[in-house]
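Shared between the two complexes below is subunit A, which pairs with subunit B and subunit C, respectively.
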Partner chain A sequence: MAGHDDSGASEKKSSEAINDLPTFNAENMQNNMRVIYYSRTFMSIIGGFIAGIWGFTSLMGFIFYFLIMAITSVGLTAKAGFTIHSYFDSWNRIILDGFLGGLMSFVLFWTFSYDIVHIF
Partner chain B sequence: MAEDLVLDTAIRDWVLIPLSVVMVLIGVLRYFVSKLMRSSQSPDAKIIKEGQVIIRARNLRAGANFIPPKSFRARRAYFSNEENGLLFVPKGQAQNAQAQMFSDPNMAMDMMKKNLSMIIPQTLTFAWVNFFFSGFVAAKIPFPLTQRFRSMLQNGIDLSTVDVSYVSSRSWYFLNLFGLRGLFSLILGEENATDDTQRMMQMSGFGFDPSKSLGAEKDGLDIVQHEWALPKFEQRAEAVLKKLVS
Partner chain C sequence: MGTGFVIGVLGVLILSHAAYSTIQYRALLKITEEEFSGPPINVVLELIFGLILCVWAALTVPGKFLSILPDSDENRCN
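Right, the complex of A and B next:
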(Lines of atoms letter the chains of each structure in order from A and count residues from 1; the text may use other names and numbers.)
(Lines give C-alpha, C1' and ligand atoms only; values in the text may rest on other atoms or scores of the structure.)
Protein backbone atom coordinates (compact mmCIF):
# COMPACT_ATOMS: atom_id res chain seq x y z
CA MET A 1 0.00 0.00 0.00
CA ALA A 2 2.68 2.39 1.02
CA GLY A 3 4.71 1.51 -2.04
CA HIS A 4 1.75 2.17 -4.23
CA ASP A 5 1.22 5.56 -2.65
CA ASP A 6 4.84 6.43 -3.06
CA SER A 7 4.95 5.54 -6.71
CA GLY A 8 1.79 7.55 -7.34
CA ALA A 9 3.24 10.58 -5.63
CA SER A 10 6.54 10.41 -7.44
CA GLU A 11 4.78 9.89 -10.72
CA LYS A 12 2.68 12.95 -10.12
CA LYS A 13 5.71 15.00 -9.28
CA SER A 14 7.68 13.90 -12.30
CA SER A 15 4.74 14.37 -14.64
CA GLU A 16 4.47 17.91 -13.37
CA ALA A 17 8.11 18.37 -14.21
CA ILE A 18 7.47 17.05 -17.68
CA ASN A 19 4.53 19.31 -18.22
CA ASP A 20 6.72 22.25 -17.37
CA LEU A 21 8.97 21.46 -20.30
CA PRO A 22 8.16 23.03 -23.63
CA THR A 23 8.47 19.90 -25.68
CA PHE A 24 7.45 20.57 -29.21
CA ASN A 25 8.02 18.82 -32.43
CA ALA A 26 8.02 21.66 -34.92
CA GLU A 27 7.03 19.51 -37.87
CA ASN A 28 4.05 17.96 -36.12
CA MET A 29 3.02 21.37 -34.96
CA GLN A 30 3.15 22.69 -38.50
CA ASN A 31 1.11 19.74 -39.63
CA ASN A 32 -1.53 20.56 -37.04
CA MET A 33 -1.59 24.15 -38.22
CA ARG A 34 -2.04 22.95 -41.77
CA VAL A 35 -4.96 20.78 -40.69
CA ILE A 36 -6.55 23.80 -39.07
CA TYR A 37 -6.06 25.83 -42.22
CA TYR A 38 -7.60 23.12 -44.39
CA SER A 39 -10.60 22.63 -42.17
CA ARG A 40 -11.23 26.35 -41.99
CA THR A 41 -11.03 26.72 -45.75
CA PHE A 42 -13.31 23.76 -46.25
CA MET A 43 -15.81 25.03 -43.75
CA SER A 44 -15.81 28.51 -45.26
CA ILE A 45 -16.50 27.13 -48.73
CA ILE A 46 -19.30 24.87 -47.52
CA GLY A 47 -20.64 27.65 -45.32
CA GLY A 48 -20.62 30.01 -48.30
CA PHE A 49 -22.73 27.59 -50.29
CA ILE A 50 -25.18 27.13 -47.44
CA ALA A 51 -25.46 30.86 -46.81
CA GLY A 52 -26.14 31.49 -50.48
CA ILE A 53 -28.73 28.78 -50.80
CA TRP A 54 -30.56 29.92 -47.69
CA GLY A 55 -30.52 33.42 -49.14
CA PHE A 56 -28.73 35.32 -46.40
CA THR A 57 -27.97 38.92 -47.24
CA SER A 58 -25.67 41.57 -45.84
CA LEU A 59 -25.05 41.34 -42.10
CA MET A 60 -26.78 38.01 -41.70
CA GLY A 61 -24.24 36.34 -43.96
CA PHE A 62 -21.26 37.65 -42.04
CA ILE A 63 -22.82 36.61 -38.76
CA PHE A 64 -23.25 33.19 -40.33
CA TYR A 65 -19.58 33.18 -41.29
CA PHE A 66 -18.50 33.92 -37.74
CA LEU A 67 -20.88 31.26 -36.51
CA ILE A 68 -19.34 28.75 -38.92
CA MET A 69 -15.85 29.67 -37.76
CA ALA A 70 -16.89 29.33 -34.12
CA ILE A 71 -18.34 25.91 -34.88
CA THR A 72 -15.10 24.96 -36.58
CA SER A 73 -13.13 26.04 -33.52
CA VAL A 74 -15.34 24.00 -31.24
CA GLY A 75 -15.08 21.04 -33.57
CA LEU A 76 -11.30 21.26 -33.67
CA THR A 77 -11.22 21.49 -29.90
CA ALA A 78 -13.39 18.42 -29.64
CA LYS A 79 -11.18 16.63 -32.14
CA ALA A 80 -8.17 17.46 -29.97
CA GLY A 81 -9.99 15.85 -27.08
CA PHE A 82 -10.26 19.16 -25.19
CA THR A 83 -6.57 18.99 -24.39
CA ILE A 84 -5.30 21.77 -26.59
CA HIS A 85 -1.87 21.92 -25.08
CA SER A 86 -0.87 18.49 -26.26
CA TYR A 87 -1.41 19.57 -29.86
CA PHE A 88 -0.90 23.32 -29.94
CA ASP A 89 1.13 25.78 -27.97
CA SER A 90 -1.68 28.19 -27.19
CA TRP A 91 -5.41 28.68 -27.45
CA ASN A 92 -4.93 31.40 -30.03
CA ARG A 93 -3.89 28.78 -32.55
CA ILE A 94 -7.20 27.02 -32.49
CA ILE A 95 -9.46 30.00 -31.96
CA LEU A 96 -7.97 32.84 -33.95
CA ASP A 97 -5.63 31.48 -36.59
CA GLY A 98 -6.99 31.72 -40.08
CA PHE A 99 -10.18 33.29 -38.85
CA LEU A 100 -10.23 35.85 -41.64
CA GLY A 101 -8.31 33.78 -44.14
CA GLY A 102 -11.39 31.99 -45.37
CA LEU A 103 -13.44 35.14 -45.73
CA MET A 104 -12.59 35.65 -49.38
CA SER A 105 -13.56 32.08 -50.26
CA PHE A 106 -16.69 32.45 -48.19
CA VAL A 107 -17.75 35.62 -49.98
CA LEU A 108 -17.04 34.12 -53.39
CA PHE A 109 -19.08 30.98 -52.85
CA TRP A 110 -21.78 32.86 -51.01
CA THR A 111 -22.17 35.19 -53.97
CA PHE A 112 -22.01 32.31 -56.41
CA SER A 113 -24.75 30.21 -54.88
CA TYR A 114 -26.86 33.23 -53.95
CA ASP A 115 -26.78 34.41 -57.54
CA ILE A 116 -27.60 31.01 -58.94
CA VAL A 117 -30.49 30.41 -56.60
CA HIS A 118 -32.02 33.80 -55.92
CA ILE A 119 -31.44 36.65 -58.31
CA PHE A 120 -32.16 35.21 -61.71
CA MET B 1 -31.17 53.85 -55.23
CA ALA B 2 -32.09 51.69 -58.15
CA GLU B 3 -34.75 49.03 -57.98
CA ASP B 4 -33.85 45.44 -58.54
CA LEU B 5 -32.60 44.58 -61.95
CA VAL B 6 -34.01 41.55 -63.68
CA LEU B 7 -31.22 39.43 -65.06
CA ASP B 8 -31.66 36.95 -67.85
CA THR B 9 -31.26 33.33 -66.79
CA ALA B 10 -29.14 32.87 -69.90
CA ILE B 11 -26.51 35.00 -68.17
CA ARG B 12 -26.39 32.51 -65.35
CA ASP B 13 -26.21 29.50 -67.64
CA TRP B 14 -23.75 30.92 -70.14
CA VAL B 15 -21.66 33.38 -68.15
CA LEU B 16 -21.64 32.90 -64.41
CA ILE B 17 -21.31 29.14 -64.21
CA PRO B 18 -18.98 28.65 -67.21
CA LEU B 19 -16.71 31.44 -66.04
CA SER B 20 -16.33 29.93 -62.59
CA VAL B 21 -15.80 26.43 -63.94
CA VAL B 22 -13.22 27.68 -66.42
CA MET B 23 -11.36 29.52 -63.68
CA VAL B 24 -11.16 26.37 -61.57
CA LEU B 25 -10.06 24.23 -64.50
CA ILE B 26 -7.43 26.74 -65.57
CA GLY B 27 -6.06 26.76 -62.06
CA VAL B 28 -5.77 22.97 -62.13
CA LEU B 29 -4.21 23.04 -65.59
CA ARG B 30 -1.70 25.64 -64.53
CA TYR B 31 -0.72 23.52 -61.57
CA PHE B 32 0.01 20.51 -63.73
CA VAL B 33 1.81 22.51 -66.42
CA SER B 34 4.08 24.14 -63.90
CA LYS B 35 4.69 20.72 -62.40
CA LEU B 36 5.72 19.37 -65.79
CA MET B 37 7.97 22.29 -66.58
CA ARG B 38 9.78 22.20 -63.29
CA SER B 39 13.25 21.14 -64.25
CA SER B 40 15.12 19.07 -61.74
CA GLN B 41 18.39 20.91 -61.65
CA SER B 42 21.26 19.15 -60.00
CA PRO B 43 21.85 21.09 -56.82
CA ASP B 44 25.23 22.37 -55.86
CA ALA B 45 26.88 20.08 -53.36
CA LYS B 46 28.29 22.92 -51.30
CA ILE B 47 24.95 24.62 -50.84
CA ILE B 48 23.29 21.36 -49.88
CA LYS B 49 26.02 20.70 -47.36
CA GLU B 50 25.63 24.09 -45.77
CA GLY B 51 21.90 23.62 -45.58
CA GLN B 52 22.30 20.30 -43.82
CA VAL B 53 24.75 21.80 -41.36
CA ILE B 54 22.25 24.53 -40.56
CA ILE B 55 19.53 21.96 -39.98
CA ARG B 56 21.76 19.98 -37.66
CA ALA B 57 22.67 23.09 -35.70
CA ARG B 58 19.02 24.00 -35.43
CA ASN B 59 18.19 20.56 -34.13
CA LEU B 60 20.91 20.88 -31.54
CA ARG B 61 19.52 24.22 -30.44
CA ALA B 62 15.99 22.86 -30.22
CA GLY B 63 16.98 19.79 -28.26
CA ALA B 64 19.68 21.43 -26.18
CA ASN B 65 18.00 20.82 -22.88
CA PHE B 66 17.64 17.11 -23.40
CA ILE B 67 21.33 16.27 -23.34
CA PRO B 68 23.79 16.59 -20.48
CA PRO B 69 25.79 19.82 -20.19
CA LYS B 70 29.02 18.17 -21.18
CA SER B 71 27.60 16.74 -24.38
CA PHE B 72 26.04 20.04 -25.25
CA ARG B 73 29.28 21.91 -24.79
CA ALA B 74 31.11 19.40 -26.94
CA ARG B 75 28.56 19.70 -29.73
CA ARG B 76 28.53 23.46 -29.54
CA ALA B 77 32.28 23.55 -29.84
CA TYR B 78 32.03 21.24 -32.82
CA PHE B 79 29.68 23.62 -34.57
CA SER B 80 30.86 27.05 -33.60
CA ASN B 81 34.48 27.21 -32.57
CA GLU B 82 36.41 29.99 -34.20
CA GLU B 83 38.99 27.95 -36.06
CA ASN B 84 37.39 25.01 -37.78
CA GLY B 85 33.80 24.84 -36.54
CA LEU B 86 31.24 23.87 -39.11
CA LEU B 87 29.35 27.12 -38.83
CA PHE B 88 32.41 29.30 -39.02
CA VAL B 89 32.64 31.19 -42.27
CA PRO B 90 35.94 32.66 -43.34
CA LYS B 91 35.72 36.30 -44.29
CA GLY B 92 36.68 36.02 -47.93
CA GLN B 93 34.18 33.40 -48.96
CA ALA B 94 31.07 35.30 -48.02
CA GLN B 95 30.49 36.92 -51.39
CA ASN B 96 31.38 33.88 -53.37
CA ALA B 97 28.10 32.01 -53.13
CA GLN B 98 26.02 34.97 -54.16
CA ALA B 99 28.10 35.66 -57.21
CA GLN B 100 27.82 32.02 -58.14
CA MET B 101 24.07 32.19 -57.93
CA PHE B 102 23.95 35.22 -60.16
CA SER B 103 25.98 33.54 -62.82
CA ASP B 104 23.93 30.36 -62.77
CA PRO B 105 21.71 30.51 -65.87
CA ASN B 106 19.63 27.51 -64.84
CA MET B 107 18.16 29.33 -61.93
CA ALA B 108 17.07 32.37 -63.89
CA MET B 109 15.61 30.07 -66.53
CA ASP B 110 13.63 28.17 -63.94
CA MET B 111 12.24 31.33 -62.47
CA MET B 112 11.30 32.63 -65.88
CA LYS B 113 9.43 29.44 -66.63
CA LYS B 114 7.49 29.73 -63.40
CA ASN B 115 6.75 33.33 -64.15
CA LEU B 116 5.49 32.52 -67.61
CA SER B 117 3.31 29.70 -66.38
CA MET B 118 1.66 32.20 -64.08
CA ILE B 119 1.28 35.11 -66.43
CA ILE B 120 0.27 33.48 -69.70
CA PRO B 121 -2.91 31.76 -68.46
CA GLN B 122 -3.98 34.86 -66.60
CA THR B 123 -3.55 37.08 -69.62
CA LEU B 124 -5.34 34.62 -71.85
CA THR B 125 -8.26 34.21 -69.49
CA PHE B 126 -8.57 37.92 -69.01
CA ALA B 127 -8.58 38.48 -72.76
CA TRP B 128 -11.17 35.75 -73.17
CA VAL B 129 -13.45 37.23 -70.52
CA ASN B 130 -12.98 40.68 -71.95
CA PHE B 131 -13.78 39.57 -75.46
CA PHE B 132 -16.89 37.52 -74.79
CA PHE B 133 -18.43 38.80 -71.61
CA SER B 134 -17.67 42.49 -71.32
CA GLY B 135 -20.18 45.16 -70.66
CA PHE B 136 -23.04 43.61 -68.69
CA VAL B 137 -24.01 42.72 -65.19
CA ALA B 138 -23.34 39.11 -64.37
CA ALA B 139 -23.85 38.74 -60.65
CA LYS B 140 -25.00 40.46 -57.50
CA ILE B 141 -23.15 40.50 -54.23
CA PRO B 142 -25.54 39.76 -51.36
CA PHE B 143 -24.35 42.63 -49.18
CA PRO B 144 -24.34 46.38 -49.70
CA LEU B 145 -21.13 48.25 -50.41
CA THR B 146 -20.18 51.90 -50.61
CA GLN B 147 -19.53 53.85 -53.78
CA ARG B 148 -15.84 53.42 -53.30
CA PHE B 149 -16.10 49.86 -54.57
CA ARG B 150 -17.74 50.79 -57.85
CA SER B 151 -14.56 50.85 -59.89
CA MET B 152 -13.58 47.52 -58.41
CA LEU B 153 -16.84 45.66 -58.84
CA GLN B 154 -18.28 47.25 -61.96
CA ASN B 155 -15.21 47.23 -64.09
CA GLY B 156 -16.47 47.59 -67.64
CA ILE B 157 -19.86 49.15 -66.93
CA ASP B 158 -19.99 52.89 -67.18
CA LEU B 159 -23.27 53.55 -65.45
CA SER B 160 -23.42 55.45 -62.21
CA THR B 161 -27.03 54.60 -61.41
CA VAL B 162 -26.64 50.86 -61.04
CA ASP B 163 -26.46 49.70 -57.46
CA VAL B 164 -22.91 48.98 -56.38
CA SER B 165 -23.66 45.42 -55.33
CA TYR B 166 -24.13 44.39 -58.94
CA VAL B 167 -20.97 42.88 -60.37
CA SER B 168 -19.79 42.96 -63.94
CA SER B 169 -18.40 39.82 -65.48
CA ARG B 170 -14.89 41.17 -65.65
CA SER B 171 -14.97 41.88 -61.93
CA TRP B 172 -16.46 38.47 -61.29
CA TYR B 173 -13.33 37.16 -62.95
CA PHE B 174 -11.18 39.08 -60.49
CA LEU B 175 -13.25 37.89 -57.55
CA ASN B 176 -12.71 34.34 -58.74
CA LEU B 177 -9.00 34.93 -59.15
CA PHE B 178 -8.60 35.87 -55.50
CA GLY B 179 -11.30 33.80 -53.91
CA LEU B 180 -10.42 30.47 -55.45
CA ARG B 181 -7.05 30.35 -53.74
CA GLY B 182 -8.51 28.50 -50.79
CA LEU B 183 -10.23 25.98 -53.03
CA PHE B 184 -6.99 25.34 -54.91
CA SER B 185 -5.14 24.69 -51.71
CA LEU B 186 -7.79 22.12 -50.87
CA ILE B 187 -7.94 20.26 -54.17
CA LEU B 188 -4.31 20.55 -55.25
CA GLY B 189 -2.58 20.06 -51.95
CA GLU B 190 -0.02 22.16 -50.25
CA GLU B 191 2.40 23.04 -53.02
CA ASN B 192 0.11 24.66 -55.53
CA ALA B 193 0.84 27.50 -57.87
CA THR B 194 0.02 30.27 -55.45
CA ASP B 195 2.54 28.92 -53.01
CA ASP B 196 5.02 28.89 -55.83
CA THR B 197 4.58 32.59 -56.35
CA GLN B 198 5.35 33.29 -52.73
CA ARG B 199 8.45 31.17 -52.89
CA MET B 200 9.45 32.93 -56.08
CA MET B 201 9.06 36.30 -54.41
CA GLN B 202 11.42 35.22 -51.68
CA MET B 203 13.94 33.84 -54.10
CA SER B 204 13.76 36.59 -56.65
CA GLY B 205 15.46 39.13 -54.42
CA PHE B 206 18.37 36.73 -54.03
CA GLY B 207 17.77 37.16 -50.35
CA PHE B 208 18.86 33.58 -49.84
CA ASP B 209 22.44 33.68 -48.74
CA PRO B 210 23.74 30.51 -47.14
CA SER B 211 26.83 31.98 -45.55
CA LYS B 212 24.78 34.67 -43.83
CA SER B 213 22.39 32.14 -42.41
CA LEU B 214 25.36 30.11 -41.23
CA GLY B 215 26.57 33.12 -39.28
CA ALA B 216 23.12 33.75 -37.84
CA GLU B 217 22.83 30.14 -36.75
CA LYS B 218 26.24 30.34 -35.11
CA ASP B 219 25.18 33.40 -33.12
CA GLY B 220 21.99 31.66 -32.10
CA LEU B 221 23.90 28.65 -30.91
CA ASP B 222 26.34 30.79 -28.99
CA ILE B 223 23.71 32.43 -26.82
CA VAL B 224 21.79 29.29 -25.91
CA GLN B 225 21.48 28.96 -22.15
CA HIS B 226 21.90 25.32 -21.41
CA GLU B 227 19.79 23.86 -18.66
CA TRP B 228 19.52 20.14 -18.47
CA ALA B 229 15.89 19.18 -18.29
CA LEU B 230 16.04 15.52 -17.51
CA PRO B 231 17.45 14.99 -14.05
CA LYS B 232 14.17 13.49 -12.90
CA PHE B 233 13.64 11.13 -15.74
CA GLU B 234 15.07 8.17 -13.91
CA GLN B 235 12.42 8.58 -11.25
CA ARG B 236 9.78 8.81 -13.90
CA ALA B 237 10.99 5.71 -15.62
CA GLU B 238 10.99 3.93 -12.27
CA ALA B 239 7.42 4.99 -11.62
CA VAL B 240 6.25 3.90 -15.04
CA LEU B 241 7.94 0.55 -14.76
CA LYS B 242 6.52 -0.02 -11.27
CA LYS B 243 3.09 0.72 -12.58
CA LEU B 244 3.60 -1.77 -15.36
CA VAL B 245 4.76 -4.48 -12.98
CA SER B 246 2.14 -4.00 -10.29
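Right, the complex of A and C next:
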Protein backbone atom coordinates (compact mmCIF):
# COMPACT_ATOMS: atom_id res chain seq x y z
CA MET A 1 0.00 0.00 0.00
CA ALA A 2 2.97 2.30 -0.33
CA GLY A 3 1.41 4.15 -3.19
CA HIS A 4 0.62 7.78 -3.64
CA ASP A 5 -2.81 7.43 -2.15
CA ASP A 6 -2.15 9.01 1.17
CA SER A 7 -3.74 7.46 4.18
CA GLY A 8 -6.14 10.35 4.38
CA ALA A 9 -3.43 12.79 5.37
CA SER A 10 -4.63 15.94 3.71
CA GLU A 11 -8.28 16.09 2.79
CA LYS A 12 -9.36 19.20 1.02
CA LYS A 13 -12.71 20.62 1.89
CA SER A 14 -13.44 22.25 -1.45
CA SER A 15 -11.95 21.93 -4.86
CA GLU A 16 -11.01 25.51 -5.74
CA ALA A 17 -7.53 26.28 -4.50
CA ILE A 18 -7.42 29.95 -5.49
CA ASN A 19 -9.04 31.29 -2.36
CA ASP A 20 -7.65 29.04 0.35
CA LEU A 21 -9.97 30.23 3.09
CA PRO A 22 -12.46 27.38 2.78
CA THR A 23 -9.81 24.73 2.29
CA PHE A 24 -7.81 23.45 5.15
CA ASN A 25 -6.19 20.32 6.37
CA ALA A 26 -8.85 18.66 8.50
CA GLU A 27 -6.55 16.21 10.22
CA ASN A 28 -4.22 18.92 11.49
CA MET A 29 -7.24 20.93 12.52
CA GLN A 30 -8.41 18.01 14.64
CA ASN A 31 -4.95 17.68 16.12
CA ASN A 32 -4.97 21.34 17.10
CA MET A 33 -8.41 21.02 18.67
CA ARG A 34 -7.19 18.03 20.65
CA VAL A 35 -4.21 20.01 21.94
CA ILE A 36 -6.51 22.82 23.08
CA TYR A 37 -8.83 20.34 24.76
CA TYR A 38 -6.04 18.67 26.71
CA SER A 39 -4.56 22.00 27.76
CA ARG A 40 -7.89 23.37 28.96
CA THR A 41 -8.83 20.22 30.81
CA PHE A 42 -5.52 20.05 32.62
CA MET A 43 -5.70 23.73 33.56
CA SER A 44 -9.27 23.31 34.83
CA ILE A 45 -8.18 20.48 37.10
CA ILE A 46 -5.17 22.40 38.38
CA GLY A 47 -7.28 25.53 38.84
CA GLY A 48 -9.86 23.58 40.83
CA PHE A 49 -7.14 22.14 43.03
CA ILE A 50 -5.71 25.59 43.72
CA ALA A 51 -9.15 27.12 44.37
CA GLY A 52 -9.84 24.48 47.00
CA ILE A 53 -6.50 24.96 48.73
CA TRP A 54 -6.87 28.73 48.74
CA GLY A 55 -10.29 28.44 50.35
CA PHE A 56 -12.36 30.13 47.67
CA THR A 57 -16.10 29.90 48.12
CA SER A 58 -19.04 30.53 45.77
CA LEU A 59 -18.50 33.58 43.55
CA MET A 60 -14.77 33.95 44.15
CA GLY A 61 -14.24 30.41 42.92
CA PHE A 62 -16.02 31.03 39.62
CA ILE A 63 -14.18 34.28 39.15
CA PHE A 64 -10.98 32.31 39.68
CA TYR A 65 -12.11 29.83 37.02
CA PHE A 66 -12.62 32.59 34.49
CA LEU A 67 -9.22 33.93 35.38
CA ILE A 68 -7.62 30.53 34.81
CA MET A 69 -9.41 30.18 31.46
CA ALA A 70 -8.29 33.66 30.42
CA ILE A 71 -4.70 32.79 31.27
CA THR A 72 -5.03 29.55 29.28
CA SER A 73 -6.47 31.42 26.30
CA VAL A 74 -3.63 33.91 26.33
CA GLY A 75 -1.15 31.08 26.66
CA LEU A 76 -2.66 29.16 23.74
CA THR A 77 -2.68 32.30 21.60
CA ALA A 78 0.97 32.85 22.43
CA LYS A 79 1.74 29.22 21.62
CA ALA A 80 0.15 29.71 18.21
CA GLY A 81 2.49 32.65 17.73
CA PHE A 82 -0.38 35.15 17.60
CA THR A 83 -1.03 34.11 13.99
CA ILE A 84 -3.92 31.80 14.52
CA HIS A 85 -5.00 31.74 10.92
CA SER A 86 -2.41 29.15 10.07
CA TYR A 87 -3.68 26.86 12.81
CA PHE A 88 -7.40 27.56 13.22
CA ASP A 89 -10.22 28.85 11.17
CA SER A 90 -11.72 31.26 13.66
CA TRP A 91 -10.95 33.02 16.91
CA ASN A 92 -13.78 31.27 18.67
CA ARG A 93 -11.91 28.01 18.57
CA ILE A 94 -9.03 29.22 20.59
CA ILE A 95 -10.99 31.35 23.02
CA LEU A 96 -14.29 29.65 23.68
CA ASP A 97 -13.86 25.99 22.90
CA GLY A 98 -13.83 23.77 25.94
CA PHE A 99 -14.80 26.62 28.21
CA LEU A 100 -17.85 25.02 29.75
CA GLY A 101 -16.53 21.50 29.56
CA GLY A 102 -13.69 22.44 31.86
CA LEU A 103 -16.10 24.00 34.31
CA MET A 104 -17.33 20.64 35.52
CA SER A 105 -13.81 19.34 36.07
CA PHE A 106 -12.99 22.57 37.87
CA VAL A 107 -15.94 22.27 40.27
CA LEU A 108 -15.18 18.60 40.90
CA PHE A 109 -11.58 19.19 41.92
CA TRP A 110 -12.50 22.40 43.71
CA THR A 111 -14.89 20.60 46.05
CA PHE A 112 -12.51 17.67 46.33
CA SER A 113 -9.50 19.70 47.46
CA TYR A 114 -11.62 22.04 49.59
CA ASP A 115 -12.94 19.06 51.49
CA ILE A 116 -9.51 17.55 51.96
CA VAL A 117 -7.84 20.75 53.11
CA HIS A 118 -10.56 22.55 55.05
CA ILE A 119 -13.06 20.02 56.25
CA PHE A 120 -11.44 16.66 56.73
CA MET B 1 7.86 16.25 25.84
CA GLY B 2 10.05 14.92 28.63
CA THR B 3 10.98 18.32 30.01
CA GLY B 4 7.42 19.61 30.03
CA PHE B 5 6.23 16.49 31.78
CA VAL B 6 8.86 16.87 34.52
CA ILE B 7 7.86 20.51 35.00
CA GLY B 8 4.23 19.46 35.28
CA VAL B 9 5.00 16.83 37.89
CA LEU B 10 7.08 19.39 39.78
CA GLY B 11 4.18 21.84 39.70
CA VAL B 12 1.78 19.24 41.08
CA LEU B 13 4.26 18.35 43.82
CA ILE B 14 4.57 22.01 44.82
CA LEU B 15 0.78 22.30 44.93
CA SER B 16 0.56 19.19 47.09
CA HIS B 17 3.11 20.66 49.45
CA ALA B 18 1.05 23.85 49.61
CA ALA B 19 -2.03 21.78 50.42
CA TYR B 20 -0.18 20.00 53.22
CA SER B 21 1.06 23.31 54.61
CA THR B 22 -2.48 24.67 54.60
CA ILE B 23 -3.76 21.62 56.46
CA GLN B 24 -1.11 22.12 59.13
CA TYR B 25 -1.94 25.84 59.27
CA ARG B 26 -5.59 25.06 59.85
CA ALA B 27 -4.70 22.62 62.62
CA LEU B 28 -2.72 25.41 64.26
CA LEU B 29 -5.68 27.77 63.94
CA LYS B 30 -7.92 25.18 65.51
CA ILE B 31 -5.65 25.06 68.54
CA THR B 32 -5.61 28.83 68.95
CA GLU B 33 -9.33 29.00 68.00
CA GLU B 34 -8.97 31.62 65.33
CA GLU B 35 -10.86 32.01 62.09
CA PHE B 36 -9.41 30.91 58.78
CA SER B 37 -9.28 33.97 56.61
CA GLY B 38 -6.73 32.87 54.08
CA PRO B 39 -3.62 30.77 53.73
CA PRO B 40 -0.33 32.29 54.90
CA ILE B 41 1.67 34.32 52.46
CA ASN B 42 4.27 31.67 51.77
CA VAL B 43 1.55 29.19 50.82
CA VAL B 44 0.05 31.78 48.46
CA LEU B 45 3.43 32.26 46.82
CA GLU B 46 3.80 28.50 46.53
CA LEU B 47 0.38 28.26 44.89
CA ILE B 48 1.24 30.95 42.36
CA PHE B 49 4.59 29.36 41.58
CA GLY B 50 2.97 25.94 41.17
CA LEU B 51 0.35 27.52 38.91
CA ILE B 52 3.02 29.04 36.68
CA LEU B 53 4.80 25.69 36.35
CA CYS B 54 1.53 23.93 35.53
CA VAL B 55 0.59 26.55 32.94
CA TRP B 56 3.93 25.96 31.28
CA ALA B 57 3.41 22.20 31.31
CA ALA B 58 -0.18 22.51 30.03
CA LEU B 59 1.03 24.50 27.04
CA THR B 60 4.03 22.36 26.09
CA VAL B 61 3.09 18.76 26.90
CA PRO B 62 -0.02 18.13 24.74
CA GLY B 63 1.84 18.67 21.51
CA LYS B 64 2.55 21.25 18.87
CA PHE B 65 0.13 23.08 16.67
CA LEU B 66 0.18 21.84 13.11
CA SER B 67 -0.49 24.20 10.28
CA ILE B 68 -3.81 23.77 8.53
CA LEU B 69 -2.97 25.77 5.44
CA PRO B 70 -2.98 23.47 2.45
CA ASP B 71 0.27 24.58 0.97
CA SER B 72 2.58 25.19 3.89
CA ASP B 73 3.58 21.92 5.45
CA GLU B 74 3.09 19.20 2.96
CA ASN B 75 4.67 20.14 -0.29
CA ARG B 76 2.70 18.03 -2.59
CA CYS B 77 5.16 15.58 -3.95
CA ASN B 78 3.82 14.94 -7.37
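Assume the second predicted complex is superposed on the first by the 97 of 120 C-alpha atoms of A that agree within 3 Å, B and C clash if a C-alpha of one lies under 4 Å from a C-alpha of the other, contacts with A are read in each partner's own complex, and residues count from 1 in each chain.
In this section, contacts are C-beta pairs under 8 Å (C-beta built on N, C-alpha and C of every residue); 3 or more make two chains touch, one makes a residue touch a chain.
Nothing here was measured: the structure is a model prediction, and the numbers come from that model.
**Student:** Considering only touches as defined above, state whether A:Gly61 meets subunit B (first), subunit C (second), both or neither.
**Tutor:** Once the two structures are laid over each other on A, A:Gly61 reaches subunit B alone.
**Student:** Under the stated touch criterion, which partner chain does A:Arg34 make contact with: subunit B (first), subunit C (second), both, or neither?
**Tutor:** both
**Student:** Is A:Asp89 contacted by the first partner subunit B, the second partner subunit C, both or neither?
**Tutor:** Second partner only.
**Student:** Applying the document's definition of touch, where does A:Ile116 land relative to subunit B and subunit C: first, second, both, or neither?
**Tutor:** In the superposition, A:Ile116 touches subunit B and subunit C alike.
**Student:** Determine, under the contact definition given at the top, whether A:Ile46 touches first (subunit B), second (subunit C), both, or neither.
**Tutor:** It touches subunit C, and subunit B stays clear.
**Student:** If you stack the two complexes on chain A, which partner ends up touching A:Leu108: first (subunit B), second (subunit C), both, or neither?
**Tutor:** Only subunit B; A:Leu108 stays clear of subunit C.
**Student:** Which subunit A residues contact subunit B in one complex and subunit C in the other?
**Tutor:** After superposing on chain A, subunit A residues 10, 17, 26, 34, 38, 42, 55, 116 contact both subunit B and subunit C.
**Student:** In their shared complex, at which residues does subunit C touch subunit A?
**Tutor:** 8, 11-12, 15, 18-19, 22-23, 26, 36, 38-39, 43-44, 47, 50-51, 54-55, 57-59, 61-74
**Student:** Note which residues of subunit B are touching subunit A in the complex, please.
**Tutor:** Residues of subunit B touching subunit A: 7-9, 11-12, 16-17, 20, 62, 65, 139-144, 167, 175-176, 178-183, 185-186, 190, 229, 232-233, 235-236, 238-240, 242-243, 246.
**Student:** Across the complex, what residues on subunit A touch subunit C?
**Tutor:** Checking each residue of subunit A against subunit C gives 9-10, 12, 17, 20, 23-26, 28-29, 31-32, 34-35, 38-39, 42-43, 46-47, 49-50, 53-55, 71-72, 75-76, 78-80, 86-89, 113, 116-118.
**Student:** Using the touch definition up top, name the residues of subunit A that touch subunit B in the complex.
**Tutor:** 3-4, 7, 10-11, 13-15, 17-18, 21, 26, 34, 37-38, 41-42, 44-45, 52, 55-59, 61-62, 101-102, 104-105, 107-112, 114-116, 119-120
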